[in-house]
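Two complexes are shown next, each including subunit A; its partner changes from subunit B in the first to subunit C in the second.
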Partner chain A sequence: MNYANFLERMHNIQDTYGYIPECEIDKVAREFNIPRSKVYGTIRFYSMFYTEPTGKYIIRVCDSLSCHINESKEIVEVIKDYLGIDNGETTEDRKFTLEIVECLGHCGEGPVMMVNDHIYTHVSKTMAIEILDKCV
Partner chain B sequence: MEETLFLKREEVKDINNYDFPALKKALKMKQEDVIVEVKRSTLKGRGGAGFPTGLKWELAFKEAADKKYLICNGDEGEPGTFKDRYLLEESPLKVLEGILIAAYAIGADEGYIYIRGEYAKPIRVFSRVIEEAREKGILGENIFGSGFNFDLYLVKGAGAYVCGDETSLINSIEGKRGRSRIKPPYPVEKGLFDKPTVVNNVETLASAAEIINQGADRYLSLGTEKSRGTKLVCLSGDIRNPGIYELEFGQATLREIIDDFGGGLKNGSGLKFVVPGGISTSILLEDELDIPYTYEDLDAAGSSLGSGAVIVVGEDHDLIDLMLNVSRFFMDETCGTCFPCREGNRQIYHMLKWKKNGFTAKERQLIKDIGKTIHLAARCGLGQTSLNFISSVLDKFEDELMVRGDINVEG
Partner chain C sequence: MLKVNIDGQNLEVAEGTTILEAAKKAHIKIPTLCYEEGLSIYGGCRLCVVEVEGENLLQPACATEIRDGMIVRTHSPKVREVRKTLFELIIASHDISCELNCLTCSRNGSCELRKVAEDIGITEIRLSPINKGYGEDKSSYAIMREPNKCITCGRCIRKCEEVQGIGIFTMANRGPATIVTTFGDKGMGNVECTNCGQCIHACPTGALHEVYHYESVWDVLHDESKHVVVQTAPAVRVAISEAFGDEPGTIATGQMVAALRRLGFDKVFDTNFSADLTIMEEGTELIQRIKEGGTLPLFTSCSPGWIKFIEHFYPEFLPHLSSCKSPQQMFGAIAKSYYAEKNNIPREDLVVVSVMPCTAKKFEAKRPEMDGDVDYVLTTRELAGMIKAAGIDMVNLEEEEYDRIMGTSTGAADIFGATGGVMEAALRTAYELITGKELEKLDFYDVRGMTGIKETEVEIDGLTVRAAVAHGLGNVRKLMEMIKAGKEYHFVELMACPGGCIGGGGQPIPTTDEIRQKRIDSIYQIDKNKKLRKSHENPYIKKLYDEYLGEPGSHRAHELLHTHYTARGV
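What follows is the complex of A and B.
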């Protein structure tokens, strides 16, 4: 088994289910011939892998220094208010998960937010709401 | 002042319009000669540590092994840094060329490019580049009829800053937690799957390709004696024109970078301080900015060029809030292997979190002690540098941050 495929495998499971369910952990453990605890431990190390269901849209707002200076906190507050959830939580209808994350690599264009794979730069408070509305 | 275009000179995204001049040139040279040329250029690693690239290649080349690996490190995570993303999006073919040249030089027939999971667009762009390169025979067997075989695989990261450290990155590719390894053995001896491995940053490899293409002499004609060539500077923060600027070392002072390229501070705000190389480096104050942008001058000023992330901070920000922000970053991103880094960063975060009034001399001493302990005990660069920002803010804004009367008392 090529261990270099492990992360890719996890990404695929994550993309399919929106998280990595226990049955898949079992399968992967057998396939790669490693204990389940090791698979679980590895998954939990990476912030982009989840062992609980996430929302259809994962909203990531950067709050590292450059974005922080550009008032990313305000964007976070607006989104929290709008969705009624806190950092790390998922809405009841499983539509949105909100995460305050570290640098997304668009430091010159902050504040920055990411909805699944899509990046939005120079985000204003109204823009943040518009982006969420589009998802609904 | 104008940018010095060495890396940004020619940006081609379409593989049909690019004939890989540097790679063709390298494949006609002996492996040793490619290494000599890169060594002669004095290129240093651009990920932050600044290790001489040619020497790394030479060490890996000299290892006798049935298999060697070349890894391109695209796990750019240092806040304020976005040059690798820029190169992967705008110049992916040059990055690929650098990978192939490095692999040829050290004798690797397999390689990985590790791109952080958050970089969705670079991942898309580079996946396509790999596919097209395979179709055109630029990856695979007998590349350009030279007898050199090489294949490249893309590994997507999954959100862990520490994987930017080369040994953590190797663990991550092996499907493990991204924790650093004890060195020695260094990756050039025992790296990926215990085989000799070279891990190079994206900008480093693109630079190596241009060095082979334009020649080490051209590279040596740029910069200062101790910092040759050019650097992609990532300007961000309270600045009018943020972005990526390619500068010849020594071409401009930090102040000129901020004023001439960055257009000065936005909203007419005054300057509080500058982070010259990402949040793992010590800050510089307004009166420390008249130094040429080179490795040696930033070192002499007590900071470091780091990854090239220049973050400009205006005067309207609350220092404790900024310290807390940086502290949270390191608390979240420490891999947890070395106790002082894991617990030290957590303690400092909690100390800052409840801080409303100034620091006492005792608290300052405590932060310094923790910083020193982490620096001495952590085995990777993340830990060693994790308190540079906080310690330097505390030192340089003593008047503002210390409880009155406690400034000069040694705790």
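What follows is the complex of A and C.
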């Protein structure tokens, strides 16, 4: 099996629908002649694939060691309060999904958060609210 | 050949030999967990690490090939220290708690973790176990998963995918959060699982086991108002005594019958009786289809693992399936009609229990189209457990005989338990019924043994009957693809489990290829020693047709002994 083609196909589906629906999993499984459990396992392995629809804005806040020391917990709490959702959840209006993640690659500039493809460093509580406000 | 020195022993091995295989040759046992013979190498548990001279890091023996001149130390102080720590980490991730749940585990007698602990000399566990708090998967009628006991060795994943060709399980998540799950976390009962139970044989722990019926069976045995009859499948008698420490393949038919009587069953009958009946019905169906131009090839229908497989993966072939119920279900249907009427037992007071080498039979008994034929299905392992719990020293009991008339059978029925057996039994009967002549050579060696796909041709009355046999769902799929591509046969036997039912998912653990072969040898031994070896010669089958069913394929036979199937897809 050609894994590069397989992953590219998954990215396409993810980009088209914002998640990978069950019927697409079945299709890909048939196409690559692999059990559908394998496709599902791949989705669950990579953090950029989703089995459920996500919000328009995916908010990722880093909570690995260096961000943690810089009080990333507080940022998380502020965002949770503001959006009214928990880690891994999506707001009812399908605008926001919150994810606490390990390392976004800017360890010297913590706390770090990411909105879709955009990185924000040295995030303060007020800054976090401002960023979210802009999205609304 | 490559030279290697393992723990001071010099030996020569062929290119491509792993350190693990070479060590085995030198009679050195390296502990393993994620390795299983016959499956691909995963190299995930790291328990098999060894020291290789000139390398800084320890190497996994199962995944490292010998290089010429290699010097290996498998049990040096460093290796033993690391191995113990690794084992402690594995154990910490496993649900061993202060409640000592090892004692209540399905694998209390056959746990591989316990064996490894013994082999590497574990004397203390420094880490407290983590309760991962995963829920149990109770979605299946046949098999239950307890993910808290899972050490994510991946053997079930590889067994299901590589040997059975299905792929029900997958790993999900990463790092310490890694779990084994099914498509969409739906659970085994809600996906295309065939219930064959081969994954249970792969599992080193108690994370996978059958859905138990033994508690309900105890209840009915103690209920005075119930008349409880039991039937035993052919493959059980050549395996059950392994659970009591006997050599694999020991024939324990008489002792098992005696033990079942002591447990309190009112009648001890034999699924072999209805296996003979199956041959009468299926043989008749084959002859009809050949004579009247029906759908060919005809596929056997005794293995519920195979039935679920074809319903999911080849629904377009369902018209090829024999409409005959399996011997287990035929027995139930006859017990609840003929036997009950003859003995004036109200249907609601009659309980039919079966003892099967099989987990898929539990699902079969619950199929709505046959509901009520069989009430409870015990695996060979469950029955062994009940016999132990009743304090019965089974292997030393005097042999006893099955009850009449549903306990009498021919050798043709015994061989149902081995791959190729149903085919052989059917050919013996079909030949004589069609030609009216006596078959000279009863043994069809071509269809016996562990080869994955077997073929034979038999001349019957000017027609060359072409037959094929496949066992293990991986081989079954191969044969189905051959048929799809145009390969022509008249009659095809398909069994879900490698080796046939003697290797079923409900058989004693361990079940290896070597053990399968020994059980098969015993099955043919039983057949050879029987006076009657053709199903149509069973006098009580004749009596059943005379008194009750009329003739094979009759209206009543169809009502009681035949069924239909469901296209499920994936």
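Heads up, the rule we're going with is that the second predicted complex is superposed on the first by the 135 of 136 C-alpha atoms of A that agree within 3 Å, B and C clash if a C-alpha of one lies under 4 Å from a C-alpha of the other, contacts with A are read in each partner's own complex, and residues count from 1 in each chain.
One rule holds for everything that comes next: contacts are C-beta pairs under 8 Å (C-beta built on N, C-alpha and C of every residue); 3 or more make two chains touch, one makes a residue touch a chain.
If you're wondering where the values come from, they're calculated on a predicted model, not measured in any experiment.
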Touching partner for A:Gly41 - first (subunit B), second (subunit C), both, neither: both
Partner chain in contact with A:Leu104 - subunit B first, subunit C second, else both or neither: first
Partner chain in contact with A:Phe49 - subunit B first, subunit C second, else both or neither: first
Which of subunit B and subunit C A:Lys134 touches, first, second, both or neither: neither
Broader residue contact with subunit A after superposition on the shared chain, subunit B or subunit C: B
Touching partner for A:His68 - first (subunit B), second (subunit C), both, neither: first
Touching partner for A:Ala4 - first (subunit B), second (subunit C), both, neither: first
Subunit B versus subunit C as contact partner of A:Phe32, first or second or both or neither: first
First (subunit B), second (subunit C), both or neither touched by A:Asp117: first
Residues of subunit A at both interfaces, subunit B in one complex, subunit C in the other: 41, 45
Parts of subunit A lying in touch with subunit B, wherever the complex brings them together: 3-8, 10-11, 32, 41-42, 45-49, 60, 63-66, 68-70, 101-110, 114, 117-119
List of subunit A residues in touch with subunit C within their complex: 22, 25-26, 34-38, 40-41, 44-45, 51
Contacting residues of subunit B [partner subunit A, same complex]: 76-82, 84-85, 112, 116-121, 153, 155-161, 172-178, 193, 234-238, 242-244, 275, 279, 309, 311, 313-314, 317, 322, 325-326, 329, 332-333, 335
Contact set on subunit C toward subunit A in their complex: 161, 166-174, 181-184, 191, 570
